[in-house]
């Protein structure tokens, strides 16, 4: 209950900060795209998440922070049921646009809720073009012209088009790490997801590529809902609208980013942010 | 949300997915059918031939029922003994070299060729043993058979020895060196004993495989219907016994053939299980 | 250098020599490191000698067989491989039907065991939960441990009668118009050989392919699944990464099939003929050696058989070397 209050409060605060005029990206009281209620997650006997309840607001960026092992990646993976791939189980409910994700077919769910991983993982035996088109091909789209359009659009959205437009047939592994990660982002965007989950997308990259990715996130939130797990608090402060702090599998606090980083409610949050641990 | 078209296509994809799961399930079950058939058939056919006589008596003359394969069992034992005598030292020493000093191109070549050697058909190895032992001696002998088996054992023993030694933690080695024991003594007195359990099971596996070989013995050790333990004479073996008796028109002999086959695969099965248990636990430790 | 805490106390008395005063202990240990140690030198070179022995074994084998087949090599030259007459009485030898028999039976074996083996590998690597995968992997590997002679025994008394009484008549009546299924149903013959070989080759292809698939980092599977792929679609992507490793597995399986002796000898029919029909008896290189070597009466006869062994030797070395190179490069690429 508290977390939902916070969300609506912060939305109001955001509107106040922007002097009452709703900016183009902010509609009046945006809905929650995904809602988690009392989520427990288990890997075998180990409990990785305890009673997590939060909302991911539409067209906003939610940053999930916390020390190593606090369950933030686990939670992210629950959102698109990727935890099942690692033999995890989940109790509680998570909904996407009001529909429980366990009722949605997992193949379809993962198309609607895309994921970008920590280590860039383009398909090594495919070209750049084929990588981006992969998701579309899974879904039965084989028309060459249609694919080419989507590939170009997504590569542009991922700010990679100019760099690779003349070498679309080269292997997906032939580009740099930062470019590979943007390729993975383009690949995720190609299937028109509604939510994009990012699991420490820039932690394996150099500062320049990291900056590019952060810019990207800012652009993408206009059209997508984004949840990003990050180790880097400055990054969280830079890119996100909301921040959630996890510790030892529990959600400690969630709120508007600016507030969390200046006047957090909980002691633990403050300790983590000021670097006293983690 | 989803158009009917999209729903249908998803259903098609899921159907393909389930079909593939079913197919691979069918494959594994199909693959295990011969395993079950062979084991059970050998058991059923062979068990009736197994009695004490079978193990301690000599083969009876043609036409008489009964008798046993005592000479074949002893013969296999001698052949394996010879094979181990020639093959184990070579394999173990080579394995030690590869594990201890093996990060150079020469060692890489040795490793590669040892692998290649393991792929050479056993009948070809038999021909080589014929050329280098039978021809100079001018007759078949247990020695020739032993040489063939030794060559067959060497790749397995080499590889296992190397792997088992590599599994010994570096700290053991450093501890020995730190108190001033020279490297070679460290290897012999500390590392090797630690790896010995794994190496022994590798040796047992190599022996089990050698015990199951027939082709190379057909024209090296040849076979012998009589009792013989002489190294320079042809000698009987379990596998050639199975082969000879399987061709016979006598019901009794065929039964004995199955009996011997049963003994053979029981032996190999037990040793495989032991090997698996030991290597699994070794890998789990590290 | 690390030092164990209590197990190996470092003090003057244990620094090999006893009675060395503490101050000199350190410097004497250093001196020992740099001093040339006889034991180490001997040991290293002794083991190297044995390693050299293993290496030279392969060359020795090739050389001896090459030498041993001199008679027929000089008499027939390359024709040995192309002609079909096998007449020990006249000392005329042509290995073509034997090569044909070996290759066709191996081809049949691969035709069956490649898809089956891949299916098994996919099951073990991608689909089975761990508690199921281990025992099943063990069972598949057990198939490879059964000696050839036992396969042969089972072949004679179970497989061949089944073929003769059930399979071949059925094939004859339903597909008899095809050249592959003509002729009387003996049970023995090319079909039996191909079938029994497929059982023997299956575990090789399955185990190695499973290893190759397991070596591919799960990051790739996650990428596909996260994109909304089905299990099978994700496996397809993995398979394309595993292509060369699977090729290596196939080559190794082929190498085994080509050299397989007892099981084939006992069911192939042992007649040196070439025929399009799978029902007809045939002969393989390994089988002719197994059957005729011990009784080869003339030196030309023996030389012919040794030459066949040499051909087998070269074949399997090439196949194995190629396969090892391919498989090694694949699993190594992903191990870093």
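Each chain gets a letter, A, B and C, in the order it is written, and its residues are counted from 1.
Note that a contact is a pair of C-beta atoms (placed from the backbone, for glycine too) under 8 Å apart; a residue touches a chain by one contact, two chains touch by 3 or more.
Because the structure is a prediction, the values reported are computed rather than measured.
In terms of C-beta pairs in contact, B-C outnumbers the other of A-C and B-C. Chain-level centrality, scored on Cα centres against the all-protein Cα centre, points to C.
Separating the centre of chain A from that of chain B, both taken as means of CA atoms, is a distance of 54 Å.
Computed from the mean C-alpha positions, the centre of chain A lies at a distance of 49 Å from the centre of chain C.
The distance from the centre of chain B to the centre of chain C, with each centre set as the mean of the Cα atoms, comes to 13 Å. Counting partner chains per residue, chain B shows two or more touched chains at residues 13-14. Residues of chain A in contact with at least two other chains: 107-108, 138-139.
Across the assembly, chain C contributes residues 230, 233 that each touch 2 or more other chains. Residue ranges of chain C in contact with chain B, taken from their complex: 1-4, 7-8, 10, 14-16, 29, 32, 37, 39-40, 42-44, 46-55, 57-58, 60-61, 64-65, 67-68, 115-120, 122-124, 127, 136, 138-143, 145-154, 156-158, 199, 202-203, 206, 230-233, 235, 252, 255-256, 258-262, 266, 286, 289-290, 293-294, 305-306, 309, 312-313, 316-317, 319-321, 324. Contacts from chain B toward chain A in the complex involve residues 2, 6, 9-10, 13-14. Chain C meets chain A in the complex at residues 129, 219-230, 233, 237, 240-241, 243. Residues of chain A that touch chain C in their complex: 80, 82, 85, 87, 107-112, 114-115, 117, 119, 121-125, 134-135, 138-139, 184, 187-188, 191. If you check the complex, the residues on chain A that touch chain B are 105, 107-108, 138-140.
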